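Chain lettering (A, B, C and D) follows the sequence in which the chains are written, and residue indices restart at 1 in each chain.
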Amino acid sequence: MTLTLNHYLLVSGLLFSIGFAGVLLRRNIIIIFMCLELMLNAANLSLVAFSRFNVGADGLPNFNAQVLTFFIITVAAAEVAVGLAIIVALYRARQTTHVEDITTLKF
Amino acid sequence: MNNNEIIPWFILLNPLITAVLILFVFRKNHGTAATVSTMSAFFGLVGSLCAFTLAPTHTLVLWIDIPGLQIPIGVQLDHLSQVMLLVVTGIGFLVHLYSTVYMEHDESKARFFGHLSLFMFSMLGIVLADNFAMMFIFWELVGVSSYLLIGHWFTRDAAGKAANKAFMMNRIGDFGFMLGILMLWSTAGTVTFKGLEAATGTLTTNPMFLTAAILLVFCGAMGKSAQFPLHTWLPDAMEGPTPVSALIHAATMVAAGVFMLARIAFLIGLSPAAALIIAWIGAITSILAALMATQQDDIKRILAYSTLSQLGYMVMAIGLAPDPSGGPAMFHLFTHAFFKALLFLGAGAVIHALHHEQDIWKMGGLSKHMPKTTVTFAIGTAALTGFPLLAGFWSKDSILAAASEKSTPLYIIGLCVAVLTAFYMTRLFVVAFLGKPRTEAAHHGHDCPARMTVPLLILAVLSVIAGFVPEKWFFSAHQHFHWNIAIPATIAFAVGTAIAFKIYSGKDKDPIRVSAFRNKFYLDEIYGAIVAGTQDVLAYIANAVDSLISGIVRLAGMAAWGVGFLFRLLQFGNVQGYSFVFGLGVVGLIWFVVFK
Amino acid sequence: MTVLNFIVLLPILNAIAIACGAPARKSALLSAWTQLALTIVAMCGYRGGFAYGSTWAVAPEWGLNLTFGADGLALVMLLLTAIVTVAAVWVTPKIEKRENLFYACVLLISGGAAGAFASVDMFFFYAFHELALIPTFLLIGIWGQGERQVAAWKITIYLAVGSMILLVGLAKLYLAFPEGARTFDMIEMTKARHLIPAAEQGGIYIWLLVGFGVLISLFPFHSWAAPAYAAAPTPAAMLHAGVLKKFGLYGLIRIAVPLLPEGAKVWMNLLLVLLVANILYIGLVTIAQKKLDWMLGYSSVMHMGYIFLGIAAGNAIGITGASLLMLGHGLSIAALFAMCGYLRQTSPSLAFTSLGGIAKKAPFLGYAFGMAAFASIGLPGFANFASEAMVFFGAFKAGPAATLDFSSIQLATVCGLWGVVISAVYMLRAYRQIFQGEPQANVAAFKDPSCSIKWSVILLLAALMVGGLWPKSMLNFIQPSVEALIGK
Amino acid sequence: MQQIIPAITLEIAVLVLGLLMLFAEAFSTRADRSHMARYAIAVLLALVGFSFFTTPPPANPAAGSMWNFYAVDATAMLFKRIALATTAIVLVMALEYRSVLAKFIPGTEEGRGTGEFYCLPVFICAGLMFMASAVDFILIFVALELVTIGFYVLVAYMRKHEQSLEAGVKYLILGALSTGFLVYGVTWIFGLSGHTHLDKVKAALVAGFAAGGPLVGNEHALLFGIMLVLVALGFKIAAAPFQLWVPDVYQGAPTPVTAFLSVGSKAAGFIVLVRVLEVFLAIPAVRGKVVAALVLLAILTLLYGNLTAMPQDNLKRLFAYSSIAHAGYLLIACAALSADPAGAKEAISFYLAGYLVMTLLSFLVLITVARQSRGDDIRHFAGLGKRNPFLAFAMTVAIASLAGIPLTAGFLGKFLVFKSAVAAGQYALIGVGILGVGAGFYYYFKVIAAMYWDEPTDRTPITVGPLTRLFVGGLVALVFVLGIWPAPILNQLSERPITAVAHK
């Protein structure tokens, strides 16, 4: 069967919710961080799907979306670099990456 | 403003200037204060004597002048006010003269004379007023000066309470008075008496309204002239010095109510229903007061109740025969002022001589040592009780004549009051002056110095001749002497005097004890209960409700703080918790927007 | 720079100078007296209409510019502010801790009030009044007595919320004008008042009524007033009860009466019920008070009822009466609080039971408090009586003549008249318990107040008597401007 | 005034400044990096001056040129100046804060590792300026990320201070989460409209949802996309359901960063929100629902921000909740955007300008006092009236402005917000707003009460450096000037050079 736009959107939706569930449930900060990247990639998938399926007047797919996908990927990379640096610094200071331990700031 | 228009202004403002001078300049030196005040009273008397001869004048200054409301301060010198001027300034001067001796050793004499002049100013203001608003202004000023004078010896609690009570009763009366003025003004469009006279057409369109307005205005008179419901303050006002009682609570202030009713007699004439009610209230007051007077022991209280009773007479007269030039009421007011002032001053002389002893059962046999006072007091009593050919006889006779024409029950009440008056006055005279002295102080009572007895003599003479004033002073229509009234009145006088003479001559204590009369029909206690019941209870409830309202306000503040405290718990520190709430927020928002 | 700018800027600049270290009491007194002198000069030079105008364009496209200008009514209010400021500064006893901050706050309150009365622009009219919020908070919080901090919190937050409600009302009024005619200038608004659609006036009026009502302690919003005045130091209580409360009433007369006549009709009955509650209910609460400062606080809340009655009447007599009563009440309540402050120095609790027989020891105080008490209950010879009479005449005239079934406003007038009796009850009872009778033990050392307090009270009472004996002096100023406000 | 420099040069100049500071950090020999900060402040303030001479954008930009994702209009220029001024003041705070910072940075001599602390804000400033004039989703996303990632580092800068690291991680995770939602939302909007340029998106969607248009069926899809974008921006401006990170991050981060976060990122968030809302509110089919969502957000933010601030006794945390509350007031104006666009936009920009001045003033005083009384609770402010009357007066002015007392910038902002809310007829919002102001007076005046009512615990007077004193004085004057004379901001908004003051 030919893959329509809805299939891609379904997959990206699933990916997004899996990523979000990961952020909510997992204990380790690094795993949470990975799930966040997962959500970003879900957005990439749906972007590419949209640009592929609404073909412009001249028969070529609309390239704006794909430009945005590249930006998303680069930004995600930058975010990971900075994020991991912070997590490492936290580990060095507190010897833990578990989310329950870092709750000194409250109320 | 030619010279004979200046005189009434001079009469009005002269006591004010003296009062200001005394209260602010001569606060310390008492001697000069007394003389200045007495001189100003004398000039007032001279002024009103000249004013008596003048033609009626009416000059005014606009006090408040805004479109829709013109309140003038005017001086209306017509027949009615000329007579009243004579009474007020005459007795005023005599009382001033009298109190220079009576208040000799009072440490705040200057303050006394200052307040006395203030009273003269306010009283003259009422007499000369040409409109309701100005009359209301001086009405309140008279109330305040009586408050100040009653409370002269303010260190005594009784004086303070009596002064408060007097002022409150007047204030309740003024409430009705102001409401009446408002009703009349809103219909007639003007406050001046002349304007009201011109506007009688519009006033009579709604008779019910007119009756209500007149009765409300009468309410003011009730407060001031101590009529039935609002009369309990007058006996307590005896706490003040005796000259004050003589001037204010016998001759002038209490008569202001009657004078005001005379001033608006043309209105009362328009509504017979109101006139009848006024007459009945006067009658009730006089009979009640007369009954109460029979059982009092304090000399000043007996005279106070007798004043109450005579005032009831005058109000009854106004109700029965509202005559623009005064009628029987003003005639009786004129004569009553003289002999009641005489009686009070006489009583003052007795009290002064017996070093502030006021209970008649502790006096007795004063006639031996105080001949002049006794003679003058006798003349005064005779005039009051209606001894033939004396002042009281003529004026009471004219009232009873008016009563007999209009309504026989009032006539019968009038006769009973005449009997009772004769009874209690003779009782007083017999117990205090005749018989043998009961106490040591009564033994060496002596006549007072000249400046006290001279006023007594003058007043005695006046009490005799006051009855023979020309008719046109008080009556617009011709009055013929009616025998069918004079005879029953004299019989009543004779009966009352005889009974009292027989019962009280030679007794050491009061043979008749009627507790109802003695403690004034328990009216004071009833009023106290009413005030305590309504006002204090309501005040307590109001205060509780008010603290409830401020409680609610504080509660609102605390509730906000509490909610804040709960919201604060949302920040429990765990990042995953935050992202959970974040997710919840997203899902909630989308559900709210997309699906609802 | 007209004289009006000096009157407004003088206290504010002096406050800043004092805060920066100028000699506190002397410069405060100097500034107060100059302010009074300038106001009198302004009043003498006044020839009608809006005088001493000066404009400084702030935001032309919103129609917002800082314009000062005063008509007769404003000048009378400025006179009230000046007199009460002089009395307040003069009456202050020796302040030990942080005297500069104290006088700076007092002058700021006075400057705020003067600015509000002198400004013609609705925005700055509102802004200047709020200037007094922080100084009051500090004055009550630092130098007050009794449970002062609770009172400071209550008054600040209550007035803040009230002002916000008022702000929304003013915004609604500003937006009610069609697009082109939108301006903050009150004179232009009064000229263009026919542009406001009648249907919207009711909606705007209720916001203004509630907003101003909170500032004036109208019935349901009055619970901040008495505790604040009882806890405030004497000058703060004098200025707040005497002057700042009149801002709300002045605002109603200046804005609500001319611009929203239909709105006033819609909410007439509500206003009447509230003001009757203000007179009778608060009157009864005043009777139940046991301490002098609380009683005076509640009595000032009660007297607002009469001024509201005058405004509710809506005709020239009523409103002129209300404006004169603002002056009269301001002066009398200031005098009463001044003496109450002096009494507080000997017996801090000021309870009636602990005082007694003071007139024997301090004859001047006895006489002065007596006069002020009688003035406040409406004795002729003082400004209060003349104005209360006009309020009653105006309010009664607002109803139908010659019928016994009174309209609602006439019934309110009857309750107002009964309020006069209630006010006599509590005032005389207090006067008797404090001043008459035998001097009690703790009053033995009592003596007459010092010269400064004596003369400031005399100043207040003299002003009251001028207003009372010769009301035309004030009415020549008030009447034309009220006529201009109401006249079509 | 003739315009000589194109608008984009401002951003380029800021980036160059940042790079120069990085080189200086790498190669300079002197340990104490504070001279870098002083130059940066000078350059930034100079740039604010230059910004008045920028040329307007060309009438018809070439097809592929920069102009189809970078726009310059009056509000954008105003926000660029706001960003520059904020960064300059934050650097002043950083200088004031450097002794505290040095304690928590591993490094041998004093000030060795603090170089980046001065140059990162400059880069974030460039990001903010790009956000101010971004009209394409791509530039919005990239600029947003530049700012957010810059803040990740700054928040977690004090590596030896546990709370700073914890705040950094929290901000990191939640920031990344919100970016995820933003991008996912953008994809749906792109899916429906086929464009990422805001104007083209608006044209496409309006045409699509007009009667009989191709997209009429799927309003839900559009709403889904819009809501996701609103969520991300809600996070950025600290709106109610998404603001739980604010108190912890604000308290944990170093105080200059907290100030920068509370002003810079909120201002940029709102300017983007306004631009995005102009697009979404233009579509009649969805307008009602979007406004309803904004009203809901505003009510929740006002209630949460104002009420939770009441029981606070740590001043930094109190300012965090107060910044949430101010986001609530701004959201009131956003809710009124559809009914009264001109008035609401003016209210938002004016409110943010005022918010900048008063918040930075309060933080500047907070830093100076907290450093010398070793703690930032309200009780550390006790008796400040005696210890340093100048700072106490400055803080009172800031508090008055935050609470909304007239003749201050804060009040004028609140007045405009309420005016536009009245014009839009949002009476529920106004009610909650008034409740918020009432609560606001309570928790703001707690500070004044502490400063003047209570006696100071230790009597040592607080010293203030010359630079800080100058800026505190300047900001106090600015608070009053903006409160009384709003012309300078208004004229910038309506593209008129500052008119001479008309003096009758």
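Following the convention adopted for this analysis, a contact is a pair of C-beta atoms (placed from the backbone, for glycine too) under 8 Å apart; a residue touches a chain by one contact, two chains touch by 3 or more.
Since this is a predicted model, take the numbers as computed values, not measurements.
Student: Over the chains that touch one another, what is the least number of steps taking subunit A to subunit D?
Tutor: 1
Student: Go through C-D and B-C and name the pair with more C-beta contacts between its chains.
Tutor: Top pair by contacting C-beta pairs is B-C.
Student: Please name the chain that ends up farthest from subunit C once chain centres are defined by their CA atoms averaged.
Tutor: Comparing chain centres, A lies farthest from subunit C.
Student: Centre to centre, by mean C-alpha position, how many angstrom separate subunit C and subunit D?
Tutor: About 42 Å, centre to centre.
Student: Rounded to a whole Å, what is the gap between the Cα centroids of subunit B and subunit C?
Tutor: 36
Student: What whole-number Å value describes the gap between the mean CA coordinates of subunit A and subunit C?
Tutor: One centre to the other, that is 65 Å.
Student: Taking the mean of the C-alpha atoms as each chain's centre, how many Å separate subunit B from subunit D?
Tutor: 77
Student: If a residue has to touch 2 or more other chains to count, which residues of subunit C qualify?
Tutor: 153, 157
Student: Among the residues of subunit B, which ones contact at least 2 other chains?
Tutor: Correct list: 557, 568, 571, 573, 575, 579.
Student: Any chance you could list the residues of subunit D touching two or more other chains?
Tutor: In subunit D, residues 169-170, 173, 177, 247-248, 435, 438, 442 touch at least two other chains, as defined above.
Student: Dump the list of chain pairs that touch, please.
Tutor: Every touching chain pair, ordered by label, is A-B, A-D, B-C, B-D, C-D.
Student: Touching subunit C in the complex: which residues of subunit D?
Tutor: Per the touch definition, subunit D meets subunit C at residues 385-386, 389, 393, 396, 400, 403-407, 411, 414-415, 418-419, 422-423, 430, 433-435, 437-438, 441-442, 445, 448-449, 452-453, 484-487, 490, 494, 501-504.
Student: Can you name the residues of subunit C that touch subunit B in the complex?
Tutor: Per the stated touch rule, the residues are 153-154, 157-158, 220, 223-224, 227, 281-282, 284-285, 287-289, 315-317, 320, 357, 359-360, 374, 378-381, 385-386, 389-390, 392-394, 396-397, 399, 401-404, 413-414, 417-418, 420-421, 424-425, 428-429, 432, 435-438, 471-472, 475, 479, 483.
Student: Using the touch rule from the top, collect the residues of subunit C that touch subunit D in their complex.
Tutor: 19, 54-61, 66, 98, 101, 123, 126-128, 130-131, 133-134, 137-138, 141-142, 149, 152-153, 156-157, 160-161, 164-165, 167-168, 171-172, 174-175
Student: So in the complex, which bits of subunit B are touching subunit A?
Tutor: Within the complex, subunit B touches subunit A at residues 568-569, 571-576, 579-580, 583.
Student: Which residues, counting only subunit B, touch subunit D once they are in their complex?
Tutor: The touching residues are 557, 560-561, 563-565, 567-568, 570-571, 573, 575, 577-579, 581-582, 584-586, 588-590, 592-594.
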